[in-house]
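Pasting the structures here.
Shared between the two complexes below is chain A, which has chain B as its partner in the first and chain C in the second.
Right after this comes the complex of A and B.
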């Protein structure tokens, strides 16, 4: 029995990974369509006063004068071996440029996720514990403010207070752990606000359920019951929501915050690539970020399966 | 008021003594009394039944015995004494809850934590509430599962609730309730929702355990059949109040309160020839519009003016028999 269970798990995992790879493929193909069909890399990468002759030369140099099907085949076969084309702004392989910046972005997202989880879980539990009391209202207030304020504004606020006024941390750049703190909070606070409310609501609901009443009737304290019984039952939703927040971070927050904090990550690279009309590099950045989103979703599915044994292996 | 008296046998020690307990729930139409001036005693080695229809305050009473009231309810008056100490005091409740008094609930499908294995749920109880550790926890877990008649206890420790049948889950619930060797077990509709054959098994198990372990049981149920099979003594509850208290055989042979008679007539019996079952006329009480007099008066065929003035007190009418009705000899004394 244990063996069939195990192989079912492996089959499920294999299916999930294949599905994830398919999603990456579809997304990157869409990126190809957008960059090659709806725009002309030669025109956008040349000055306005360039002649038609210049543009033709440029098209030939970029290989985009060939039929689309040939270009697409090139793109896909390059993708398989990790070749995302040459950046025309930097004259280097785009994948190399993006992967160089990737660790900085991953560090930032990891920091922001840490802030999110370490704030949201305790705050949500605290609010549920003190339901309709002062602490509950205070947590709600924090959530409202952090959700409503745009991350770039939170970022500037944090810089003004903690870097300029108090001088505790550097204003920008990535020099070690300390410089990671402010941008992590700038990104993580809004996510923490959303997740804290979701956690609170979930726990308050769970506390009314018979299994929680049973735990309390066995003499377990309210705090023990919240942490060890009800939180476990909202953990699945918590992980799913955290996954969504990670998606938002990869595709939005990091881009903005990397610019605000001059953080040398993929997001800022993408902005610079756009400014320099380097469509190949933009394309490479999008492919990598999309892959991260898909991998995140895969990890969330695996985590949910580990938390709740009832999750179907469908 | 003489309703607080006891009919507990003098040979037994009095364990639980509820005096004038009132639990209120604020609603839009005012405060609804889930339990109203309730008096009840449970002695050692006793199996007491509390019977009443759903909504009569039985579960509220059961939780109140553990010093628990589900929000937004609140205890408005009275005391719950456990061996002389007031359980409504949180410090006493924390000590007694789950250790000396344990409760099993109506729906075993949802009363176990869905994400913890049977073993984990027993372990946390044995560790945190019974104070065991190490190998003792495992030994006692297996012993408890064996005690409630679960086969292959080793394997079952690793099971989640969703992998067990309803009957098995209720057995596990009973095992967790017995983990700290309680003196009183409150069983709130423990067989509702189970197959008839499983119901019988669970009742037999509870009966045997209470005899073997010397645990008193307070059986809360709407089912007179359960009471007949299980209890020594019964209290009939209506609208948060006790309306009749009697040894089980006396109640079945000669119910005194009109509501008790109605309940008995609505139970199918194999030992009698009648085929028609009589229901109780009228609707269960609208709890927000509480009558000034006897709560059963709107449904009672024998009601008269006095019944509408004030609720009748629970009065002794014979040895070990109490009834709250103006129409019974001795029942009208105030």
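Right after this comes the complex of A and C.
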């Protein structure tokens, strides 16, 4: 029995990895279509007054005077070995530029995830503990406000209050741990708001189930039952949701927050690349971020499977 | 492809909020009595109607200065309560333009872009969801795979690559928001069609010889309407936030036209001596999104379908 179970797990894992790779392939191909079929990188990267001769030179330099099929083959075979083309603006390999900025973005996402989890789990439990009482309504209020406010605005409010008025932390840049605090909160608050409500709802539902009612009737306190019994059963959903919040962070929040805090990450690099009309570099940043999203989804699936073995091998 | 009339009346709602004309009166009075009990619903409707009204009649409001009128001597006047006067209740920006007038002017672009984007996404997404759920087979696999890929490639990334390729424009922002939202309607619509497909009224009309098209449009679609409206309201909140983020990044409207996100982008260099520009522009976004979120919370509680609420609140991607 054990052996067949193990091989089923491996088959499931292999299928998930292949599916993830396929998604990355489709997404990068779509990016190729936009950047090569619908537009001309040479025209985009040159000023309007450039002559036809200049454009032809630039086309040759970028290798886009060749047939599309050849270019696509180059693009795909480059992807496999991590070559994402040359940045015209920086005169360096695009993949190198993006990977240099990646640690800063990952640090930011890690900080934001920490804020999210450390706020959401206790707030969710608190709201469930005092269901329909003041604390529950207060947590709901926090959630509604945090998901309604634009993260970049929260970022500026934090800067105005804590950096400009109080002078506790630097306004922008990445100098050590302290500078990570404000951007992490700016990103993490909305995620924490959503996750807290999900946790609350999960625990409230679990508390009505026989095992929780039994625990309560045996004299365990409500708080003990929530922390030690019901939260474990909500954990798998909690991990999934945290993973989804991570994908939101990689693809939306970090880009704007990096701009607000002048954080030297991939998102801000992409915005600068757009300002400098460097299509190759934008393409590289987008491919890397999309890959991170797919990898995160894969890791979430695996984590969920490990926490809750009842998750079906679909 | 002549549609055979199956002789059955268009289907009535199975979930209480059907679109049949005879039920309309009761549905409306149900909604009203439910609304009276819900403070969130009242607040949401009040906020949404106020902003919609202001966006529509904005240019004809009396006593408001021209939003693009510059006056350098008045630049960075603080709002009332912080040393300002009532000629500029919310203060002025770095060019001496009235903040309140610019907020009202910006409401038009911000809200119009979001509403149009959600309408496009809802129509496209629902149509695909209907086809995927009802026809099934390979078409279903194709559509649902496309939705999965879209989930992994959310709006901002598509926005980055499209703006880099085509340059910033309002239409581009509308398209980007629509393509980052259609799959939500597809997934929910498809899921609902799956549960409805085996209902008696669908089988009856199929047996009576109705074409797939007729079954989808006359019998299935009316049953999706209430859920899809709830979903649209929720997606509208996300769309307004996306629009503001794109405008903030400079992807959308260009100066001298105005939108809330653009006001924050322009005011960010003045947060030390003009905190009110960024603060009030963001507050406008936050309040309108809060209003839409409260409205959607109320609609969800009225529909009261727990699993759908989960799909709505806990979907991945931005």
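Keep in mind that, in the parts below, the second predicted complex is superposed on the first by the 314 of 314 C-alpha atoms of A that agree within 3 Å, B and C clash if a C-alpha of one lies under 4 Å from a C-alpha of the other, contacts with A are read in each partner's own complex, and residues count from 1 in each chain.
The definition used in the following text is that a contact is a pair of C-beta atoms (placed from the backbone, for glycine too) under 8 Å apart; a residue touches a chain by one contact, two chains touch by 3 or more.
Quick caveat, the model's predicted, so the values are computed rather than measured.
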{"item": "Fit or clash between chain C and chain B when superposed on chain A", "value": "fit"}
{"item": "Chain B versus chain C as contact partner of A:244, first or second or both or neither", "value": "second"}
{"item": "Winner by number of chain A residues touched, once chain B and chain C are compared", "value": "C"}
{"item": "Partner chain in contact with A:72 - chain B first, chain C second, else both or neither", "value": "neither"}
{"item": "Superposed model, angle subtended at chain A by chain C and chain B (C-alpha, nearest 10 degrees)", "value": "80"}
{"item": "Which superposed partner A:233 touches (first chain B, second chain C, both, neither)", "value": "first"}
{"item": "Touched partner set for A:283, first chain B, second chain C, both or neither", "value": "second"}
{"item": "Which of chain B and chain C A:208 touches, first, second, both or neither", "value": "first"}
{"item": "First (chain B), second (chain C), both or neither touched by A:162", "value": "neither"}
{"item": "Touched partner set for A:12, first chain B, second chain C, both or neither", "value": "neither"}
{"item": "Gap in Å between nearest CA atoms once chain C and chain B share a frame through chain A", "value": "14"}
{"item": "Overlap of the chain B and chain C footprints on chain A, listed as residue numbers", "value": "none"}
{"item": "Residues on chain C engaged by chain A in the complex (per definition of touch)", "value": "148-149, 152-157, 160-166, 237, 241-242, 244-245, 248-249, 261, 264, 268, 271-272, 275, 278-279, 281-282, 285-287, 289-290, 293-294, 297, 313-318"}
{"item": "Contact set on chain A toward chain B in their complex", "value": "208-211, 213-221, 224, 228-229, 232-233, 307-310"}
{"item": "Chain A residues touching chain C - in the complex, by the definition given at the top", "value": "23, 26-27, 30-31, 34-35, 38-39, 44, 144-145, 147-153, 156-157, 159-160, 164, 194, 197-198, 241, 243-244, 247-248, 251-253, 255-256, 259-260, 270-271, 273-274, 277-279, 282-283, 285-286, 289-290, 293-294, 297"}
{"item": "For the chain B and chain A complex, residues of the former touching the latter", "value": "63, 66, 68, 70, 94, 96-99, 102-103, 105-107, 110-116, 124-125, 128-129, 160, 162, 173, 176-177, 179"}
